[in-house]
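What follows is a set of notes on a single structure, which appears directly below.
Lettered A, B, C and D in written order, each chain numbered from 1.
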Amino acid sequence: MAMKALVTGFDAFGGDKVNPSSAAIGRLKRRISGLVIHTAVLPTSYARSAITLRGAIHEARPDIVLCVGQAGGRRELSLERVAINIQDARIRDNDGKQPIDRPVVRGGPAAYFTSLPIKACVAELRRAGLPAAVSNSAGTFVCNHVFYALMDMAGRHGLAFRGGFLHIPYLPEQAARLGDQPSMSLDDIVRAIEIVLAVSAARSEDLHTAEGRIS
Amino acid sequence: MAMKALVTGFDAFGGDKVNPSSAAIGRLKRRISGLVIHTAVLPTSYARSAITLRGAIHEARPDIVLCVGQAGGRRELSLERVAINIQDARIRDNDGKQPIDRPVVRGGPAAYFTSLPIKACVAELRRAGLPAAVSNSAGTFVCNHVFYALMDMAGRHGLAFRGGFLHIPYLPEQAARLGDQPSMSLDDIVRAIEIVLAVSAARSEDLHTAEGRIS
Amino acid sequence: MAMKALVTGFDAFGGDKVNPSSAAIGRLKRRISGLVIHTAVLPTSYARSAITLRGAIHEARPDIVLCVGQAGGRRELSLERVAINIQDARIRDNDGKQPIDRPVVRGGPAAYFTSLPIKACVAELRRAGLPAAVSNSAGTFVCNHVFYALMDMAGRHGLAFRGGFLHIPYLPEQAARLGDQPSMSLDDIVRAIEIVLAVSAARSEDLHTAEGRIS
Amino acid sequence: MAMKALVTGFDAFGGDKVNPSSAAIGRLKRRISGLVIHTAVLPTSYARSAITLRGAIHEARPDIVLCVGQAGGRRELSLERVAINIQDARIRDNDGKQPIDRPVVRGGPAAYFTSLPIKACVAELRRAGLPAAVSNSAGTFVCNHVFYALMDMAGRHGLAFRGGFLHIPYLPEQAARLGDQPSMSLDDIVRAIEIVLAVSAARSEDLHTAEGRIS
């Protein structure tokens, strides 16, 4: 039977009208390297995002879950290494909530590492001409919250999927409005998501390459 | 009779294998908003670039000349406001030459302003979803040299064209090799050049909008 | 009896002749807000740094441990929130070792949070005119390694200290050599360390302020 | 008879309460390397700054004029190479005026080059452990306006001084308020100004070193 992947994006937040993550997943092919692709758009809400994610996972029963979110200001595609058990909101979420220093999961471990082969993904993205890097922080807003909740479902609730998080730059039209911000075209973002899914389907062991940061 | 535009790019330099400026002009349409498009690739050489440019101008007899060059590290399309009469090379050019603090044109004025409607171009690029800005320095390498030589041909030798310079970011594949650099897709760069040409053909007076910088 | 603090820096690495962290701790006062100050310089070595740190802790028996390290490229003082259980070296350490994706502590938790009041420190640093922020990643080099090892000593080995990590920018003389890098004066760095120690001695509960990051 | 230097700063603008340039010149020594130092604070006003400057020059009759201004966001001390004949204000000046694309001096040349030995200054600043660079744009706000007006006084009105412009980063206390901005201590800025003056007094010919920029 074919492997399945669930790919999620977020709705717009912080005054933006568009979120490149949901724009991108709306353009994914139905099948990528033998994977059957399911998608879901998560609300940019601490209270509701993980519930929506859990529902989508229970419905799709995926082998791989890739959550995608916008990282405004980054120049490259970022494969996130680790999710931390903290909510610390610099701005209000789409419910008007701004939690400070609260855990994503009360009593949960301090962090989870991704179970996707992020270094192999980075290598393949670069080979395809797309700038990419491993990131060691997904922030403390709803992206990190969803990433932590995702890995907690796999880690503690024994759901048999591998999971990870991809942060993407602004779209050019966002940068055109904001001024002096790096961006990436939607075509390239869609292509990047498909590469991450294909690499994740093809291999479970990661590459042994140096992609760390000094600080 | 149809108006004509000459659009130039540069060959690769500084160890790169590609220069996005020549890649982009190779993909321009033959006609853009009624303009007949001529193109030329200039050598990244202080000694030879302006000669090649002059030859191309004498051959094409253009109404508009747009020179395009790579500005590695910039996040946006940059419409250059001013060319200065200096050569100060941080690296060697493609002839192995590295002039320091020499004039582009001995006895020439300290600077020339562009004669293209750069603020109208910036406004139209943004409207098309492409990040863009006015820049007040084209550097001191071969880009500025060519831009100065171009404006000197119009200014002192009375050639009847309007001229300007567009700096473009790295391509994604360059950023993928270099790491942590902003980039722009070739499709968007080509689209940007066509917009700059169309706006330049349509209007000679510029917009009266604030696009200055504090420092 | 007076409270004691241990403050550590690192020796130079990566081709630098100086490490601002050890330069700074060499200039600390002996007593800060009632704290008796002990210092130690740690080798920039995965194999030896934590051993040296453990020895210094056993000798000084501190109430507070603040490890300080250089974060080249950062513009602000960074109070680190979390240490992760990974070694992923982009460059060789001072023993010539470059571990990739190995744990700091085999079987240890994925991460530890700091036990210093980092938001109160950030607030007080800003009040003193020093730019500061909470950071969510100490990287994956020896700084993070030491920070994780430190919190593991407190967390699993029951040593009764509170611990944290402060990342500091380049010194101006480093930036003068490197070119186009942000920096901070040694005087300001010394002052910052003293403020972090004073705030940490004065309060164990942190401030409830938003210092998170979106990504 | 002793040589004289006039050093100017600006008053605060754009909502800031302090301008590091006037803070710094208030702390200069009265004599620097044999130069007698005069100072003046210029209003951040297109209409009034050059008049105040002209008055100070006529009073002090200096051999050297160094204008100093804040370049928020820069990481290094910047010795400006060129002033351009344009006013293009991104924000209002302290008179509430925001000129767009108007000349500093009607009928004046497009630009003036500095007559200070900026590369020798950069070299000496670096030797003193202070990060510094040659800049090819002083922007289009009041800093460039004053720099152009200064060089125009020397160039067209035959006043026998050499002149230049130094852009300085934010102070740490400004960066502490603004967040994630590079800064430089006031002590280092004062030291930098004194070095620029000493080098300018000691030599009129500049060094023949590569300090150009590609773009």
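Everything below uses one rule, namely that contacts are C-beta pairs under 8 Å (C-beta built on N, C-alpha and C of every residue); 3 or more make two chains touch, one makes a residue touch a chain.
What you see is a predicted model, and the numbers here were worked out from it, not measured in a lab.
Student: Averaging each chain's C-alpha atoms to get its centre, pick out the one most distant from chain A.
Tutor: With centres defined by C-alpha atoms, farthest from chain A sits D.
Student: Quick check on chain A against chain B: do more than half of the interface residue numbers occur in both copies, making it same, or fewer, making it different?
Tutor: Mostly same residues: over half of the interface numbers shared.
Student: Chain B to chain D: how many Å between their CA centres?
Tutor: Inter-chain centre distance comes to 29 Å.
Student: So the centre of each chain is just the mean of its C-alpha atoms; given that, what is the distance between chain C and chain D in Å?
Tutor: About 38 Å, centre to centre.
Student: Indicate the whole-number Å distance between the mean C-alpha point of chain A and the mean C-alpha point of chain D.
Tutor: 47
Student: Indicate the residues of chain C shared as contacts by at least two other chains.
Tutor: Touching at least two other chains: none.
Student: Answer with line, ring, star, complete or other to describe the graph linking chains that touch.
Tutor: Shape = ring; chains linked end to end, path closes on itself.
Student: Pairwise, which chains touch?
Tutor: So, checking each combination of chains, I get A-B, A-C, B-D, C-D as the touching pairs.
Student: Which bits of chain B are touching chain D when the two form their complex?
Tutor: On the chain B side, the touching residues are 14, 69-74, 81-82, 84, 86-91, 98, 100-101, 109-113, 119, 134, 136-141, 143, 167, 206, 208-215.
Student: State the interface residues of chain C toward chain D in the complex, per the touch definition above.
Tutor: Contact set of chain C toward chain D: 75-76, 125-126, 128-133, 171-173, 175-177, 179-185, 187-188.
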